[in-house]
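Going by the order they are written in, the chains are A, B, C and D; count residues from 1 in each one.
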Amino acid sequence: MPIPAPNLYPPFNIVRLSHVEYMVTDLAASRAFYVDTLGLQVTQEDDQRIYLRAMEERGHHCIVLVQADKAEVGVLGFKLFDDPDLDKAAEFFASRDLPVEWVDRPHMGRCLRTRDPWGIPLEFYVKMDRLEPIHQKYKLYNGVKPLRIDHFNMFSADVDASVAFYNDIGFRVTEYTADDESGKTWAAWMHRKGGVHDVAFTNGLGPRLHHTAFWVPTPLNIIDLLDLMSTTGYIDNIERGPGRHGISNAFFLYVRDPDGHRIEIYCSDYQTCDPDLEPIKWSLTDPQRQTLWGAAAPRSWFEEGSTFAGAETKPSALTAQPIIAP
Amino acid sequence: MPIPAPNLYPPFNIVRLSHVEYMVTDLAASRAFYVDTLGLQVTQEDDQRIYLRAMEERGHHCIVLVQADKAEVGVLGFKLFDDPDLDKAAEFFASRDLPVEWVDRPHMGRCLRTRDPWGIPLEFYVKMDRLEPIHQKYKLYNGVKPLRIDHFNMFSADVDASVAFYNDIGFRVTEYTADDESGKTWAAWMHRKGGVHDVAFTNGLGPRLHHTAFWVPTPLNIIDLLDLMSTTGYIDNIERGPGRHGISNAFFLYVRDPDGHRIEIYCSDYQTCDPDLEPIKWSLTDPQRQTLWGAAAPRSWFEEGSTFAGAETKPSALTAQPIIAP
Amino acid sequence: MPIPAPNLYPPFNIVRLSHVEYMVTDLAASRAFYVDTLGLQVTQEDDQRIYLRAMEERGHHCIVLVQADKAEVGVLGFKLFDDPDLDKAAEFFASRDLPVEWVDRPHMGRCLRTRDPWGIPLEFYVKMDRLEPIHQKYKLYNGVKPLRIDHFNMFSADVDASVAFYNDIGFRVTEYTADDESGKTWAAWMHRKGGVHDVAFTNGLGPRLHHTAFWVPTPLNIIDLLDLMSTTGYIDNIERGPGRHGISNAFFLYVRDPDGHRIEIYCSDYQTCDPDLEPIKWSLTDPQRQTLWGAAAPRSWFEEGSTFAGAETKPSALTAQPIIAP
Amino acid sequence: MPIPAPNLYPPFNIVRLSHVEYMVTDLAASRAFYVDTLGLQVTQEDDQRIYLRAMEERGHHCIVLVQADKAEVGVLGFKLFDDPDLDKAAEFFASRDLPVEWVDRPHMGRCLRTRDPWGIPLEFYVKMDRLEPIHQKYKLYNGVKPLRIDHFNMFSADVDASVAFYNDIGFRVTEYTADDESGKTWAAWMHRKGGVHDVAFTNGLGPRLHHTAFWVPTPLNIIDLLDLMSTTGYIDNIERGPGRHGISNAFFLYVRDPDGHRIEIYCSDYQTCDPDLEPIKWSLTDPQRQTLWGAAAPRSWFEEGSTFAGAETKPSALTAQPIIAP
């Protein structure tokens, strides 16, 4: 299907992606990974939960790690523009026969819990505790020196349908991959905040979270992390990269946390706030789509992902094959 | 005066700053500077005008160089969200007794020409010719490898009044400098597109354009430009830097074009799209405000600027003194 | 065999590796690669030969490209300390029953042509034309901005024997890979000029030249080259990398010229001038030896190389297997 | 006076500069500076002395901090090639009527203590305790991530005489500044190890140590240090930079330790091992000599330095004036 025209007047105003809740099976191991290795800052912790923020964020958290029996994703969080947007969002999801629930969440004001049509747990809020800036406290910087959460990438069993839904709520496509044979969309990148994406969808067993990405300013941050991980026992957690994506032009690295949740370190990006920005189309068979420099991604990168709590997965009908490293 | 609360529901929707028209006295000399040295790309030129864009921009131009007898600034351009915004903007400026004129501008659709209350010539549009992406044509990259226009910085004879006006049309303050003695605002940074600023105002003989800034990803771009300029006859065009501003946390360099128009090369920045982002206050007497590392700026940087065509300047009543290099 | 103790009092004083002569089948295609893409500077050229130097070199050339019917390596050149060293070198090679010939070479003074025991053509000289410094002519920098030739890496059918010979003439081992099973040396890095290597030997069908390396200061030079090559038709010339070697700690990229001659772009290195520097031993089965970050090299990297003019190759008796990408 | 021809056959073989002993008045404050801020690694410490090494060094120390009543420089250390060189050095200094003493120094083998003709305390050795490599222990890297000691820069009251003496013992001039009026040398850079310098001399009240320099690979290391120092209470310890020297082409930063000892962070450099390398001459009145980009150095940088224990200073007869920041 062709990419839909952007919905410039969505039913409610999503400012940006905000946070993700990861269920993890060994909180101490996750802390060593996210805090001591990636360099995220702890904003609160007890023996069940660790709240983290990146260096330029003033909201209370972008990741919540929750001790659990099973590694999965609790929820994806998004910030709305103002309080009426929360009610409009509730109305919208109700009108689509999707669950609507108002929940109490620590450090957050009114919070709407719902799911997308495929069961991805979502939460929307306007107010979250605001913290003092730390972006100029350079003594705190370590690991990959992550500046901010950048985007979520999800497996979808029907990317065209996912794009249509998220387009309806205002996400605009910046780049996409078409399967020339079937005419279907194999993957799409969609934004709210003016970068290449807040969310992306990739064809596959879905819904699952492919990765959460953090933004860093230069490829040297990524090289520093590679050097650190490869000499502190995390070599097997390095999955793919470094490289430059053709799509999005991003310099990237993919690493896996101790439970296998995938984290991208993402560098480059470009400004997309023009409402008339033309989406860039890539062919699934273009080897430079995945990596501008031509190296294929490993099979695990195409097949593995984190399930969402309470969402059943199903395979995609689209069986086109990307280029996988031998 | 205290910084006003942001106007989250402005009368019309400005997407971002867009372009500047520089009147220059020697078009060939300006071309050598902007194209061969800074690395901006020519999108059209004749013997009177050169249109330029930066590497990730798809709009037709971010700078227009116009051969003229006198070096000044023709207009500052801003992109609006949709067509009705143009009419709302016209209404707003008319309601403030400011000039409203619809003009024909090459490569642009409907275009509203007006002035702010101090005479700064402004133009607003929705559609500009869109060009093919070149951000992955790496062979074209040269000079400082500028990615996009980032912001305008203007001298104002009454910063509090300038902030109030631009706040009314939706620009939101991210950081500001207060003169503790008088209680007045000495400088302010205001954004629309989700970075630290689209426009900034600094106390001084106004209105004048202090500089136009271009965004680059790493300090090494700036060091490359310094090496290039200092060995190709442009050493006297280097005015200030490299350094890191306390305000905005930007790594910066200020250079002057052959007519003295000031260009900033700007690196770092941070995301500001949260509507509840708290402005950061700096004291005028904090030496780390100007430069985090403590070096003072030269006198020229505080005193020299480009006049706007048709706008009379007047001195500021606020005589507080910033820290100037001896 | 154990690595021999360094010969601190060699029979003649080699200062450093100096230059390589590549026979190429299409001089224009090679020029496009070495000059327009890598950024080496032409110091002289006609329709049969192109002489090149890197940005900080003052000697006349580090590469000579020679139009030929067959792509191979003409000679490896080394600079000696003083004129008597030339005669001592001649004496040494004669004493080993190796060929000794005094040849006229353009831009060079007295020049001794010989071969090592396996037929690698070598030339030694003291004086080469000296050119004006260009390292501060930043306008000339382009491509990967190569600063200097760094080392030669050769396939050897008997690395222990190669190490013994080059050790005799003063090269000192800095790092090496041992095949734990056979007790033989699989690869060795040996220096004269105070870095990790001027020459290296790797087990395989030999003698052949594995690659010539150029030094650049930061990984960003390498990323720039990757972006350039992948968007100017050279994507298939990218063979391996970017990555960091465990051995030598170098950040690397391997590319192939139009004839398949392999060029390494090499970054990092460390100072090795202490005569009591202890060689670092790596095990052939350590995956971090090849790439600190754990990625295996492609088969071509282990198997392909450039033959030397007039030298017959033979397979190695050592059949230990490095880790090859699947 | 003209620069002397290099002495290619010196009386003994100095491999490189090795270490400096700083007398400091508050060992804890110095530790906070050198270890926690610069990122040097402690190899041994007690309440009177701290031994430090940089990340790629295997010798036991490059700096010894010694608790003392007065801040000065205890000694400059140099590594010789072999044991006979020690005796040849003793002979040489005795022949010049300079003091010769064999001293016991912790972590070092035979050690010759002497002074140069102006009283600079020098020590020469061949063996120092060797430590395990840590250059790939990336978890240890912090601060400016210093890789190795690079050079000493000294004030001399007679630079021509200093150059002549150090030239006699094998240091070779790579670049120098001439006072065109008097014909005298104002400053000179001299090397042993194949970089721009191991030692340098600058006209002024001498002998005093101007600075000790540490090598880092990229300007970003220096920017990281500036950000760190300016936000951890060390802003007044930043004296000059960042900038690029015309001389040596180095990207530099000068900082002062808590006692005022000056440390340079030095990046770039180039290879100088060719015995026929032509020294580059700069004019004292060339503003790009000091800083390629044209910024003058502050007065303190020209006037302040660390005295050597037991050496009396005297003013220079050469009163030519460099360009000083107003």
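Assume a contact is a pair of C-beta atoms (placed from the backbone, for glycine too) under 8 Å apart; a residue touches a chain by one contact, two chains touch by 3 or more.
Listed by chain with UniProt protein names: A, B, C, D = 3,4-dihydroxyphenylacetate 2,3-dioxygenase.
Small disclaimer: the values here were computed from a predicted structure and weren't measured.
Of all chains, D has its CA centroid at the greatest distance from the CA centroid of subunit A. If you compare B-C with C-D, the chain pair joined by more contacting C-beta pairs is C-D.
As a whole-number value, the distance joining the C-alpha centres of subunit A and subunit C reads 44 Å. Centroids built from CA atoms put subunit D at 33 Å from subunit C. Between subunit B and subunit C the centroid-to-centroid distance comes to 50 Å (mean Cα coordinates, whole Å). Contacts with at least two other chains are made by residues 136, 218, 220, 227, 230-231, 292 of subunit A. Within the complex formed with subunit B, the subunit C residues making contact are 136-139, 218, 220, 224, 227-228, 230-232. Those residues of subunit B lying in contact with subunit A across their complex are 8, 15-16, 56, 58-59, 79, 81-82, 127, 130, 133, 135-136, 147-148, 193-194, 217-218, 246, 249, 268, 270-271, 273-278, 280, 292. Against subunit A, the residues of subunit C that register as touching in their complex are 218-220, 223, 226-227, 229-231, 235-236, 238, 242, 244, 251, 287-288, 292-294, 325-326.
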